[in-house]
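Look for subunit A in each of the two complexes below; its partner is subunit B in the first and subunit C in the second.
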Partner chain A sequence: MMNVTIAKLALQALLGRRRFYLLLAFPVLLIGLVTLITVLTDGDAAWEIVPGLGYTLVLPLVAILAASSVLGPEVDDGSIVYLLSKPVSRYGIAISKWLVALGATLVAGSLPIFVAALITGDTTRAVALFVGAVVAGTTYSALFLAISAVTRHAVIASLMFVLIWESLLGNLFTGIAWLSISQWGIRIGHALSDELPDPANLPWAIGASLVVTLAGVWFAGDRLRSFSLRGED
Partner chain B sequence: MSEHSQPGSRPGVIHDLGYRHYDGVRDGTATIARTLFVTGLRHAYGLGRSGKSKVMPFLLLGMSVMPALIVVGVVVLTGGSSLPVSYADYTNQTQLLVSLFAAAQAPVLFSRDLRHRSIVLYFARPLAAPVFALVRWLSLTVAVWLFMSVPTLLLYLGALLSGLDKSDQTSALLKAVVLQVLLAMLIAGIAGLISSVSLRRGFAVVGSVMALIVLTGVITAVQAISAEEDADAVATAVGLFSPWSLYNGLADAWDAGVETFVPVDGAWPLAYALVALLLVAGCLLGLVARFRKVGSR
Partner chain C sequence: MSNLVLDSASRWFGNVVAVNDVSLNIGPGVTGLLGPNGAGKTTLMAMMAGFLAPSAGHVTLDGKPVWRNTEIYHQIGLVPERELSFGYLTGRQFVRANADLHRLPDAAEATERILAEVDMVEPAARRLDTYSKGMRQRVKIAAALVHQPSVLLLDEPFNGVDPRQRMHLMDLLRRLGDDGRTVLFSSHILEEVERLARHIEVVVSGRHAASGDFGAIRRLMTDRPVQYAVQSSDNRALGAVLMAQDSVRAVSLRGDHLDVQVDDLGRFAVDLPGLAKQHDVTLFELSPSDESLESVFAYLVAR
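For the complex of A and B:
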């Protein structure tokens, strides 16, 4: 299903000039901040930042940036029709683009979280958070790719999901943990280390992450299959 | 405010498009600027644009107004003697929505004309690039300020209707409004500058979110940790680096109902105000430079 040429083009779109620096800024910021605080105070004070800021804010933002740069610009300027006019399965296009977005999310989102957590000292909780971040990063990238295929306002819609649904409302209503990608990841990490909270149950977290990932990629392919060009609104 | 056109007063200005000759009185720069301002303000809320583009601003506005309505309802029903949240603090509590609104709508005002090169058509008229940039910024500032002030005014109305002390509430409201104006100038400047440099809508939004939300998150975390470690000077100094921490610091110093981790006192409020004004000035200079450059191409 995977198409190497399309993946290569998506990678080029992702690493093109300024975008790359924006993508790079997140891990540098996170690791720099955690290192600074660890040096100045101690690892436990800095640890608070890794799940609190890195996991809930940096990871989804990296996923949004990655997912919207592999599909967004083409939908935005309409050049996606040249790609869609090629005799390639639309699901193949969606999967190829998703894999690139996934790779970028894991490298620029999950890996820095692991490094930052390692800097704060405890290896077990770092591994646990890393596993959670890999699961959440995978799910996020599939969901955001699906959103990018539906609307031109993909970035804002994704941001509203992350910032308002998961962060703002998620902090007020604990029940939202059952419908929150970041909380599923945290729950899977909790199976490895008790330092992470326990917001939902494990089979649900694994199942829901899997379903959203598969459904997201399939839906993106499906939207591309019945894609129609619309003017700027 | 009207003046006669003077052909040749500035080269490259198109007055007569060649369809029908006109040599009556022409409105001056002030009228053009005012029209541009009103159009920009309407566009920031999706008015005069397609139905779809109204969804986002009004959805966000609705979400920021809803808690205010609930608060007013609770105060009216239970007959409390004060609002559970101060006017300035309400804006702080809904900062995610305000930042998101600015990040989402700044590209509408600053990116579209540049991306589609329709900026050339604006500059072909007697309107200088710096004026264009400043008017656009003013539109976004007023749009952001309205976004913050609508729920605040609702709170105020609710407080007056439920019979709270009028002079107390009015002075608290006025303080909040002054701070909100400053904050709107900051946010509009930052989001506008980012959107005028980064023309892809997605990247402009992520860039603004980074400057407004991620940076504030980082600074809040650093402030919390340094307050815990009793490094008060660090906690206060770090607050200089984000519009929201500037707003909160000034609100704390001015007794407007926002508590920061460490009280901002001594010479710090002056530093906060100066940094805020310098930041606004810097953003404006950046915007003017950016539009000058684009206009000269």
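For the complex of A and C:
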């Protein structure tokens, strides 16, 4: 299903835009901040930042940037017709673009979280958080790809999901953990290290992450099948 | 050889009807889709290219529906009006990507062949964002033609292209039509369509207003008032005589000639020489003053 040409073009779209530097800035800042605090303070203050800031904010932001870069602009300006006017499976296009977005999210999101967690010491909890970040990064990138395929305001919509639903409401109502990508990842990480909280049950966290990932990519492909060019405005 | 058929196709967006009950059969050769801006040409093109579902009716290519049918792109090449946003690719990379997406067995060779055909071999190593409008247009056409489709759809292909490049593109499209490919291009510029298309489909306000070769469309409209400029030895005398004819609607003296508005073209043409001779007027010149497509168009819009 993977289409190498589409993936190559998506990668070029990702690397060729100014957003790419923003994508790089997030992990660099995170690691820099954690290093600084580790050096300047005693105790576990630096560790707090990794799940608190890195995992809940940097990871989804990176995923939003990556997913919207590989699909958003092309859908916005309609130039995706150049890819779609080819006998290429729409699901193949969605999968290829998702894999590129996923790769970017893992490299610029999950991996730096792992590095930052390692800097604070304890390897077990670092591995646990990394596993959680890989799961959440995978799920996020599929969800945000699907959002990019339906709306011109994908970045805003995705940000609202992260900031309002997951962060703000998620902090106020514990039940939202059952419907929060970041909490599913945390729960999966908890299976490896007790230092991570236990917000929901494990089979649910695994199942829900899987379902959202598959449904997100499938939905993006289906939207591409029905992609419409609007007439003269 | 492919036929693109619209069968009572309509498309509306909310309350706005963009295309209203259009039936067309586009066969091999060059066809021009002519209409003013906002007539629904882009909507029609999008439906024909499988990028818009008809709200009612059917759009088929050789009998197969085009909407949500990825396989038609083996046969269709599309040149959208939309700008290329792949500025970071070179012309060659872009055309090659198109060849790869079609999984052509020898994509590199197909790329070079089509670049040569549109005369873009030399600038192909430069990035797309350094190209002029005409060059981008040619690269877009190359990308659409790289898999040798039997149908080529071009939306406003001559927009913003300078006259020399326009001639070049027209030659290319004419050649493709002569090869037996189905070439359909849209335009709101009358002389373009006149010069290139053997067959013309006119859309006005979302409706199919006329169809045929240029001559046929002209003949369709012989019952409309036609304007002639007449020069003779005695314009005033001739004017008086003409005004008495049933076929003439209006006569006016204008400088050195006579403007005559004629209802019945056939009768007027037959009667004029006899009338002139009978009243001792010598005719110097008789010319239609609005034979351009523009007037055909204005008439269709007003109809």
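As a working rule, the second predicted complex is superposed on the first by the 227 of 233 C-alpha atoms of A that agree within 3 Å, B and C clash if a C-alpha of one lies under 4 Å from a C-alpha of the other, contacts with A are read in each partner's own complex, and residues count from 1 in each chain.
Here is the rule we use: a contact is a pair of C-beta atoms (placed from the backbone, for glycine too) under 8 Å apart; a residue touches a chain by one contact, two chains touch by 3 or more.
Everything numeric in this text was worked out from a predicted model, so none of it was measured.
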With the two structures overlaid on subunit A, would subunit B and subunit C clash, or do they fit side by side?
fit
With both complexes superposed on chain A, which partner does A:Pro73 reach: first (subunit B), second (subunit C), both or neither?
both
First (subunit B), second (subunit C), both or neither: which does A:Ala215 touch?
neither
Which of the two partners, first being subunit B and second being subunit C, lies in contact with A:Ser226: first, second, both, or neither?
second
Take the Cα centre of subunit A as the vertex and report the angle out to the centres of subunit B and subunit C, nearest 10 degrees.
80
Between subunit B and subunit C, whom does A:Ile176 touch in the aligned arrangement: first, second, both, or neither?
neither
Partner chain(s) touched by A:Val107 [first = subunit B, second = subunit C, both, neither]
neither
With the two structures laid over each other on chain A, which partner does A:Ile206 touch: subunit B (first), subunit C (second), both, or neither?
neither
Examine A:Leu22 and indicate which partner it touches, taking first as subunit B and second as subunit C; both and neither are also allowed.
first
Based on the superposed arrangement, let me know which partner A:Lys86 touches: subunit B (first), subunit C (second), both, or neither?
second
Just to confirm the geometry: in the superposition, how small does the C-alpha gap between subunit B and subunit C get, in angstrom?
12
For subunit A, which residues lie in the overlap of the subunit B contacts and the subunit C contacts?
73
Sites on subunit B touched by subunit A in the complex:
49-50, 52-53, 56, 63, 96-97, 100, 103-104, 198, 200-203, 205-207, 209-210, 213-214, 217-218, 221-222, 225, 228-229
Complex contact set, residues of subunit A against subunit C
3-6, 8-9, 12-13, 16, 73-74, 77-79, 81-90, 225-232
Subunit A partner, complex, touching residues on subunit C are 11, 13, 18, 37-38, 40-43, 46, 49-53, 68, 70-74, 76-78, 80, 82-86, 88-89, 97-98, 100-102, 143-144
Within their complex, subunit A touches subunit B through residues 18-19, 22, 25-26, 29, 33, 37, 40-41, 45-46, 48-49, 52-53, 57-58, 61, 64-65, 68-69, 72-73, 76, 152-156, 159-160, 163-164, 167-168, 233
